[in-house]
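Multiple structures follow.
You will see two complexes here that share subunit A, one where it goes with subunit B and one where it goes with subunit C.
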Partner chain A sequence: MADLTASVPRRDNTTRLLLLPGIIWMLLFLITPIAMIVYVSFWTQTTFNISPDPTLASWKQFFSSDTYVGSLWTTMRIWLIVLATTFLVGYPTALFVGLLVKSKTLATVLLVICVIPFWTSFLIRVLAWRPMLGKEGAINIILLKLGVIQQPIEVLLFTELSVVIGMTQIYCVFMVGPIAFMLARIDRNIIEAARDLGAGFGRIFWKIIFPLSLPGVVVGAIFVSVMVLGEFATSGALSGRKVNLLGNIIVTQVGSLKWAMASVVGVILTVVMGVVIAGFLRIVDLKREL
Partner chain B sequence: MESRVLKPILAVYVAAFLLFLYGPFVVLTIISFQQGPEGGPQFPIIEWSTYWYQHLFGLTPPSRIAPLPVGEALVRSLVLAFMTMVTSTVLGVMAAQAFRKRFRGANVIFYLIVLGMMVPGVLTGLGTSLLANNIIGIERHWYSTAFASHVVYTFPFAFLVMLAILNRFDASVEEAAWSLGVSPITTFRRVTFPLIFPGVLSAMLFAFTLSLDEFPRTLFASGRDQTLPLAIYGTFSVEIHPNIFAFGVLTTLFSFALLSVYGILMAMSVRRARKMAMQEDIT
Partner chain C sequence: METTVFRLEGVTKRYGDLVALDNVSLDVGVNEYVSFLGPSGSGKTTLLRVIAGFETPEVGRVFFEGRDITYQPAHERGIGFVFQNFALFPHLTVIGNVGFGLAHGKTPVAPAEVDRRARKMIDLVGLSGMEDRGVDQISGGQRQRVALARTLAMQPKLVLLDEPLGALDANLRGRMRNELRAIRERLGVTFLHVTGSENEALAMGDRVVVLDRGRIIQSGRSDEVYDTPASPDVAHFLNRFNLFEGRLADARFTGPFGSVAAPVARRSDRDIYAVRYDRMRVLPAQAATDGPALKATFVASEYLGSSIMNFFETADGKVVEMEHHLSLGAPDTYEAKRDYILTWNPDLAIVFGREGR
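Now for the complex of A and B:
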């Protein structure tokens, strides 16, 4: 660190020196591995091995298999559903924390309370949904006791629904945080002024509050998308292997040493990610919102 | 705003939201006190006991349920998280320091770094293991390949935290020190670093906790020796017992201890900064 500030006058060199280690690390361990996935997706797969002879075999196999193509659609469907549920569940909370709570301390405390569950291991949080949703799980017991239902609901666990519930709970905080942050930055005078001019809450919300919170929504959506699209643990543990996402396919393919097929799925996942993130970044400039 | 109507409704909503957020954790805690070894990870609680906590530490008579293989895995995870924390914080501080000035290609480099937290772990993990297996021809280990992938993930967080801190940093303090003839090294040590220290601490906390719980990257990029999340994942495919929930409760408590240390260090640094501001003795 010391010699970095030591060469204050030679600014350009310092900048270069400061950036070089990080750039090299990212090129070596992020860009090269992704390039490697693209490269290996064209390799020849034999029973237990791969060789670098170029072939389209794995690609053809992917697109001619209903299971693989189906997993692409499942991934897209689950992603869109979870994006919607995290937004619907998270936005009112963010509205309360970011805008309606007057005291800064209370807002911070509420945010910290939202983040605390994250200090339990991710995998154990996923597993905890099993005794929650099962046939003899907490939700069924409570609903039976309250007399809301007569028979335990069985579709709660090991279905697509359980995957959506689990993911919503795990990822909704990533929506709440950025949105609350943007809402807290809104100048209260604008809202005052609108109200003085006779605008009702609905109008104020749709014309002022929601547009101003949009960058937060987009940042939250990026977080949620990144995590849901790459998921495989939640879908594996809560669907009883009925829901197969692209991530699940990659894991099983690697498990049976089918590296070429895993790479094909990896490339498809990369493309999906790229399109999604690029789309979101067109709406909001991440660097400016910092 | 009709806050008189809206606020109570939303307050109730937030309470329901918190219930949703904490429900699984409450259930997990209750079940961790299930009777053992016959009691399974479900309701009803046959009898309250600390059997599964004792089971974790090997204090129970041997039964058909194997103890969680967490001992060595925990040590590995802690060492890995520490390595990741130091590396990504150093990289993050350096890169963010560079970003205080405008330079050509800043946008490209910004997104190159941020990409590390945006690419799903499955992909970095898969790519890294392909690279290690088929091109370089080295074995994968938690301290080599998995470490590299962990830093790819945590470095962007450290970078963004530091960038946010340095954006609000008043450079004229540094310039004042220089113009008074203070050497740049001393300036960094006595002026810059104390001012950015809260940011550094946050970056460290981020990197440590993210790495400690990191799962998809590690699954592919680490070899034989398991880290903690991998050991837990191993129990997914077999039967689940309440010992895993007991372990979850203990790790959460450990995290709280960690968080308290962070809070104390933070408070101390704020107090010291205040004292420094009063003394103004930069020599």
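Now for the complex of A and C:
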């Protein structure tokens, strides 16, 4: 009995000791910076100076400017579109890799192939789309030669479309991975059991396979959302500055030393991401699945 | 004479060079309980999968209720399959699992009817009150019942069970054994049950079909198979016989226990002498006997509740088992590493040999 009571505080100390590095890290590099961003967003910004006098000026400026509010909506729109396209392209791919390919080795090889584009730098991957999509780019040349079109399609590059295409290609694999992982974990006997009970392919997919892969979809969606919402490079390189996301605003504001406005956008972006992740986590109880 | 509900004709199935089923033919009657017994790799699971429709045989035909179903997809056959690991839908509740086939099968049933029939089945397998539990919140035995109820809800004429008790502990296995028989008798459905356990096969089946290397090597009532195994292999799988090699010539069998008269012998490609564990008797080392006499050293004994298994080792390292039923009186105790003589009534032995009939 005495031993038991003595061991409790000792275990408590070990727990604290193990948690300490993590807590210090999070305090220094997560909590403090976020608190700073929130704080700085209320600072007073003049053309060449910034002072910690509290003011709502930057917040008012953000919400009264069509450009800024517009970029918020553009960000949301692009995010939703890319989420949908990565899902539409990624789910069938994952279905093939995770469920239809019988050999584990082949499945692993296919997943590695999905990751190969990441062996080149981010910028090259994005910029490589320019000679593909341009007015005199590969796609237009091929379509002209085939006689499918008479005039080059101009909306391919430097539009929202090109941004969506670029982002879909880059982030698709983050959707494929988690979904393929969940699909591969499904016991094949379950599918045979459903078939034996008379369910057709559609029913088996919607009632068995899809619900069981949902945790993968949620994890994939969180990955894609976090990355797309914070994006600035793809839109910068492929939209010809026509598509301004919140990320692009932060880059330009920081570039011109407008710290207060950059902080406002940063806070808004963080809140949006928080809401999105919380929303996704409500769909599935990940603790139970992983 | 029972009517045949199900028939296999010369079914052969290969996986590459491996012959999983070799010219298997079988008739199964209505309301019959058939156990397939065989070691792993004997083709018993493949046979079940061919019947269920998950595999197509290369040669041969499968008939069910007079129809040729060889190339019919699994779900159109009206045959229920209970999987070895139960294969329950992990994201659905007990009632969701049991009602799945009714709700999403090829002839959809109205939701109220699905609910009614699923509840009836859950009641039948004794799980009332657990309808809304998740299948990961119930025990192994309960999961087994859910798997069975899910299959039975479709009212199949034939139910295939792939080692359905393998995943359960010994105690539950015994209970589920009785339960399965009772449920089947209530419904009047034909059950085909695959098992690697000879106890299960003998206890459950009206008929036992013994498989080895893709072929049926014996098929008959449990007591027939038990009392008169058709070949040394069957005797071996039953795990009830000491098998001795030797030579059968002129109605005498010569083995490690001497030469014994063997007037009746079954035809086999090997000369094998089989004695049931509970037919063995133990004599002191110096005792004289005019019957068979096998010199062996006592190794150990094992208490099984209703009987005691005694293990002896012969000079060439072969383990010989002797079972003593406790209902026949208190067991003799033997001393470890001491020599004894094992003997038996030669009339009760089963002899296989090239000159047998």
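One rule holds for everything that comes next: the second predicted complex is superposed on the first by the 269 of 290 C-alpha atoms of A that agree within 3 Å, B and C clash if a C-alpha of one lies under 4 Å from a C-alpha of the other, contacts with A are read in each partner's own complex, and residues count from 1 in each chain.
Convention: a residue touches a chain if its C-beta (ideal position, glycine included) is under 8 Å from a C-beta of that chain, and two chains touch if they have at least 3 such contacts.
Just so it is clear, the model here is predicted, and its values are computed rather than measured.
Engineer: Using the overlay on subunit A, decide if subunit B and subunit C clash or can fit next to each other.
Structural biologist: fit
Engineer: Report for A:L143: first if it touches subunit B alone, second if subunit C alone, otherwise both or neither.
Structural biologist: neither
Engineer: Check whether A:R195 is in contact with subunit B, with subunit C, with both or with neither, and answer first, second, both or neither.
Structural biologist: both
Engineer: Kindly classify A:A262 by the partners it touches after superposition: subunit B alone (first), subunit C alone (second), both, or neither?
Structural biologist: Only subunit B is touched by A:A262; subunit C is not.
Engineer: Between the C-alpha centres of subunit B and subunit C, what angle is opened at the C-alpha centre of subunit A, expressed to the nearest 10°?
Structural biologist: After superposition on chain A, the angle is 80 degrees.
Engineer: Once the structures are superposed on A, label A:T120 by its partner contacts, choosing first (subunit B), second (subunit C), both or neither.
Structural biologist: First partner only.
Engineer: Identify the partner contact of A:A57: answer first if only subunit B is touched, second if only subunit C is, both if each is, neither if none is.
Structural biologist: neither
Engineer: Let me test your reading of the model: by the given contact rule, A:P21 touches which partner, first (subunit B), second (subunit C), both or neither?
Structural biologist: The first partner, subunit B, only.
Engineer: On the A-aligned overlay, A:L212 touches which partner chain: subunit B = first, subunit C = second, or both, or neither?
Structural biologist: Second partner only.
Engineer: More residues of subunit A are touched by which partner: subunit B or subunit C?
Structural biologist: Counted on subunit A, the partner with more touching residues turns out to be B.
Engineer: Thinking of the overlay built on chain A, is A:I34 touched by subunit B (first), by subunit C (second), by both, or by neither?
Structural biologist: The first partner, subunit B, only.
Engineer: So if I take every C-alpha atom in subunit B and every one in subunit C after superposing, what is the smallest distance between them in Å?
Structural biologist: Across the overlay, subunit B reaches subunit C at a minimum of 10 Å between C-alpha atoms.
Engineer: Which parts of subunit A are in contact with subunit B and also with subunit C?
Structural biologist: Residues 195, 200 of subunit A touch both subunit B and subunit C.
Engineer: With touch defined as at the start, can you tell me which subunit A residues reach subunit B in the complex?
Structural biologist: Against subunit B, subunit A makes touches at 1-8, 11-12, 14-15, 18-19, 21-23, 25-37, 40, 50, 52, 89, 92-93, 95-97, 100, 110, 113-114, 117-125, 127-132, 134, 136-138, 141, 169, 172-173, 191, 195, 200-201, 204, 222, 226-227, 229-230, 232-233, 236-237, 247, 250-251, 254, 259, 262-263, 266, 269-270, 273, 277, 286-287, 290.
Engineer: Flag every residue of subunit B that touches subunit A in the complex, lowest number first.
Structural biologist: 1-3, 6-7, 10-11, 13-14, 17-18, 20-25, 27-28, 31, 41-44, 91-95, 97-98, 101, 103, 107, 109-110, 112-124, 126-131, 133-135, 148-149, 151-152, 155, 159-160, 163-164, 167, 178, 183-185, 187-189, 192, 209, 213, 215-216, 219-220, 228-229, 232-233, 236, 240, 244-245, 247-248, 251-252, 255-256, 259
Engineer: Which stretch or stretches of subunit C touch subunit A in the complex?
Structural biologist: The contact residues of subunit C facing subunit A are 52, 54, 73-76, 79-81, 83-85, 87-91, 100-101, 104-107, 150-151, 154.
Engineer: Give every residue of subunit A touching subunit C within the complex, in rising order.
Structural biologist: It is residues 187, 189-190, 192-200, 203, 207-208, 211-212 of subunit A that touch subunit C.
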